[in-house]
């Protein structure tokens, strides 16, 4: 239910092909509102105001963007049928590019380099998988090793003597602007401070989303929307997706399959590079070895979580960012999340009872009671346990929703043109 | 007769071509990177080989490979059924930690003690991997996501358990903490496999050989292996043939995790005797690369593990010579890529050659020798 | 227990700078290596200083992430074999491997930082620090400077070493204000050492602490500290950050430096320098060399004038610690 | 024999008209195979031109050449009098050639509309956006004009085969093709759908389009074609006049020898029930896939199950094989209640299975033949000994199958995907018969298989039946169904709605029963 926050972010709604129009967005909005109400109730009950505070939302946004961008990279690639486990490597290339150029020529130049470096990684992947027909996972794994090796090697050569930098980190990069919607802060802050039911929550969320947001975060959100429009509303996107669904059918209609795969994987690399650039420039202000910390893999997971769709991906990245922000910021709020889990499990159990799935319902109920008991018997979760929050939540939501995920049909299959 | 011989020679030549091509390709790229930074490639390779030939380093390379071998086999077992177990990393760490804790807490006669530790490791690894299997079978959660998440959860879990009020002890004056050291009865003595080396080879190399043999035998020769490969290659056909794919997913995930449980054992029982904060992590990811490099076969994986062991250990000398040792990581990545590319190139060459052959044979009766040069031209679009 | 607290700037060995000593020093870094702007760099600074003063030969080797004990062992062995003596291992992770290598090379003197489990081995010199003492002082300063009675501790990675910082900080803060609230957070859990490399996590955590009322935050988080400073600077005047290891007021970004009230100084550079110097002088230090408040191996920085107001109290406490009137526990 | 070199008659029919398509001297080689060798084909404009030939004769290869999917090694392509070189399907499309492939070329996860417009999208937003509204209108128009109505916004995966075939044709028409290639379009259609297709073809022909039509159903060919070209072993061997040639003569041209005459069969039905289903229900969410299915098959009986694809046949088969568990009802095999048995156990107890889609359910394409022999018999001799695979035993037995069932392959070590479809099917039939089954489920056992192999498979089924095998036969080929079955049941929307007597029913009557349109028999 903690996904609520994300459904209130800008529109790129999942928009399934056969949308039962009108009712779908309405229903989603209703769900979001109910979920928010539950969250708000728990906040009021537990006094864990950080559950919906502007700070949490803003931190969640910053933590979600690199994951979302990496996931978006994965989405482009996999929509064209190329599995991209190499996102992590491309992201690492991006962080280095951003750091190396960024400290010398400013953040925008750094960002451009990050995209370029990621793109080069993407092209290597494309050459291997599309031209040479190499297994996608093999190539991706190789790129992850290469990304790490190349950046460490280059950092040793290029950053070792930089002022304030070293073999493992760059000097600081100057920051990008963080605009706000003018006048909003003054209105929302007092509202949030009152800790009223629902109203303060909405104020907090809006304040987190609309004030003091990095320009690059705005760009990232725009990119998600743009990806949706390009992939689902243009002939180019249709061709690109058809290549991932059935390349032979596409080929038989004259679509240049390899070209589209190349474009998709290159864009994928560029987006992963941008994700790296965000980490270096916006999130950290420097390049540091090991900075990505497996976010490429998490991005991939967020994409699968989001059913290979931009809207779903945003929810996945948002959920991850939210829970990560929560565990990093406030142990009390993480403790309150136990109650959220309890509520969630209760709803699912009720649904299962209604559907007469007795066993599943019983399992759900047991876990619901366990989380309630745990909540009541503790004041705070032990430190190490809180760091699990994002991972456990992701697993939990996936396991409970048991959604039918559908990946592009020809995803991961090596494509060989007819007669080769 | 003559042409038969020539054929055989060519076939053998072609199957050697791929690995040879791969090695040349990766050496070339590595050399280019080295030269670009002003280092002498030949000298660098010579240094590494010289250093690797020292008995102690050879033993170290073998030891490194043994660990890699378990990791790669664990990954490969999953791959054989189209399961991507990214979670080997978490599985072996959790297994090693709990096995070390058990090993340090009990006192038993030597063989039993070692057996118990290994059993705990295999069980923990297997059960932890089975969580991903269960989630996949019953809730449809992709094992790629769940194992990524479980890796991070493992880290938190170990941090939670490895504290001085739970499973860890802190030696006087040390800033490290670890499980209680395993007493001698639970340790596995090394083997003096490399002559003149003061460093012994992990005793558990024997276990690696056994597990490798079992892997090969089970996959290639058992009914279970047949079912596993069938499910990996065509799941629907396997179902129709009576394979219970859900059960196979659970079993193979658990077996993969069980093998993963062994990854930490050579180090634990042969050298460190405790699971401490600096117990090596990340081997599971290297295992993925090696499994792919070795094409998921027991022998291929062994060769891949030795290659990675060689690169990892012999690169230690480079820093001393002023060459950044990260260069070997580039080599590793390039090798993984170039091996598969080389196989593909050789495959294509074979097809073209075959096409030419067919074309030649077929155009012989109708068109006399003169036409031969032209006919094959259009073959490749 | 240690010879000479030679702080930076002053040096009595200045005239020996031109004379080339035939001592060769080998130094093995921990993961992160040179340029981590933290722990490893601090050791590097000590080495550089010794090098320029004594004209010695040095060789620096770096660790790679996720390596095994045998790799560490080999690194130390390569140095010892190469004729380097003394050989310094930076970081407690080297303890096990050093134990083995020291036996193989009885004629080489080894130094290890942050570990004293080998203090009985005659050719190993343990260079350790009483981080809890310095942390106690900055904890007291934090409590004095805090208006909200709410301070924060951001640890990089949850290890016993960093827990010493936490322990000292808490006790120090409570010694000034026993009702003070101390928020504690470690960024990552071992073996995920990313917590020392994650300014973004540092910033998020610090922001969370500020939102929960903290106005002074102590960052014992290596490279992640810069994120903490950013969060404090964003919170504006009246909020303070406390740095660690080196005087971060001097090295931090100009945008945040004024918010760094003080830093807990852990003079790894001093320990490295002293150890090398003793070898050059031919009277090599052995056994356990503990650096603490009494010898200035542990201290707090005063380069930011803002700390002036709290110096009196801090120095008073410092005296009590040195005299043993206050015992600082090393575990939280 | 109505053999005539060249196309003399066409010259007389429409004097001086340039052929719409002229392929001459086409040779195409694949590794190890010459798929086409000196092929000559000439299609008059505004006609339906049939190409017939055995499996593997090279028909599809020739058509792919015409469609630009690969370049011929030798020979020329002339379209409307102009010699062309086609580098890709895009070239062919630009010149008005459209092709409906033997296997559907449709992306399941895309909508009908998306599949249709792909590569020729109507635009908006100044050329940037996809204009779905315009596409929808045009697809509806084509639908009305030719009687090919499909909902443009439906996902293709939800369509039945008939609709899919329609989408394929719409795809071609949408691009304004003037030359249509249809590679076995009727293999999966029921008679009513075939009729509808032929009506559409007539309209197209009337508008001057030229159509190349490939089919193994020779009666169809004779009824719809204006000209026939016969291919054998990769080359064109004859042309024939559909008005004068008989199916039998055509078949003999294809095979190159005389055909054995089809046998009539005596009933071998016994009163020993082998398979008894009672009250089988299968429910998926809100959908009732099978409703109260009750039937019995006796030893020596072939029970034909007639139905339009997608009416529960697949689900029924999967329920009997244990690949799905039923929600209620019991399944008995020779008296044993097997309702809760696993697939493996059912197979061991004597259930043989020739799956509908051999690539998906019947074979591991990238495994050698002898490993495919083991598939489905992993627990039985001669494939296994105890827990181990008996390679030698399996190989020997594969050799036997290859010999006895006339599987044409260079060796048993080749991968299954290098066999032609018909030979793959013979291997499967041989394998399933080797397990001494009591019950054989044969789903479309001869789909896409040429006459020679078809006859062989029919004979096999008859022989086995005579030896007491119970067969559940599912087929879209109603002649086959009527000819082989001892009794016939019609399935509609998961329910068995009618029983008909195969000795009296006609395909047309059966067809209307299957669509629920009228009473049968």
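The letters A, B, C and D name the chains in turn, as written, and every chain counts its residues from 1.
In this section, a residue touches a chain if its C-beta (ideal position, glycine included) is under 8 Å from a C-beta of that chain, and two chains touch if they have at least 3 such contacts.
Protein names from UniProt, one per chain: A, B = ABC transporter permease; D = ABC transporter ATP-binding protein.
Note that the coordinates shown come from a computational prediction; the quantities given were computed from them, not determined experimentally.
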{"item": "Chains in simultaneous contact with chain C and chain D", "value": "A, B"}
{"item": "Rounded Å distance between chain A and chain D, as computed from the means of their C-alpha atoms", "value": "45"}
{"item": "Chain A-chain B separation of Cα centroids, rounded to whole Å", "value": "30"}
{"item": "Chain centre separation in whole Å, for chain C relative to chain B (CA means)", "value": "39"}
{"item": "Shared interface positions of chain A, touching two or more other chains", "value": "383-384, 387, 419"}
{"item": "Multi-partner residues of chain D (at least 2 other chains)", "value": "30, 70"}
{"item": "Chain B residues counted as touching two or more neighbouring chains", "value": "152, 155-156, 159-160, 326, 351, 381"}
{"item": "Full enumeration of touching chain pairs", "value": "A-B, A-C, A-D, B-C, B-D"}
{"item": "For the chain A and chain D complex, residues of the former touching the latter", "value": "17-18, 233-235, 237-239, 241-242, 245-246, 248-255, 406, 408-409, 418-419"}
{"item": "In the complex with chain A, residue positions of chain B that touch it", "value": "33, 37, 84, 86, 135, 139-142, 144-146, 148-153, 155-157, 159-160, 285, 288-289, 292, 324, 326-334, 336-337, 340-341, 344-345, 348, 351, 381"}
{"item": "Touching residues on chain B, where the partner in the complex is chain D", "value": "221-227, 229-230, 233-234, 236-244, 351, 354-355, 358-359, 362, 375-376, 378-379, 381"}
{"item": "In the complex, chain B residues that touch chain C", "value": "57, 60, 63-64, 67, 93, 152, 155-156, 158-160, 164, 170-177, 198-199, 267, 271-272, 276-283, 312-313, 316-317, 319-320, 325-326"}
{"item": "Footprint of chain A on chain D - complex, ascending", "value": "30, 64, 67, 69-70, 88-91, 93, 99, 101, 105-111, 114-115, 117-121, 123, 128-130, 153-155, 171"}
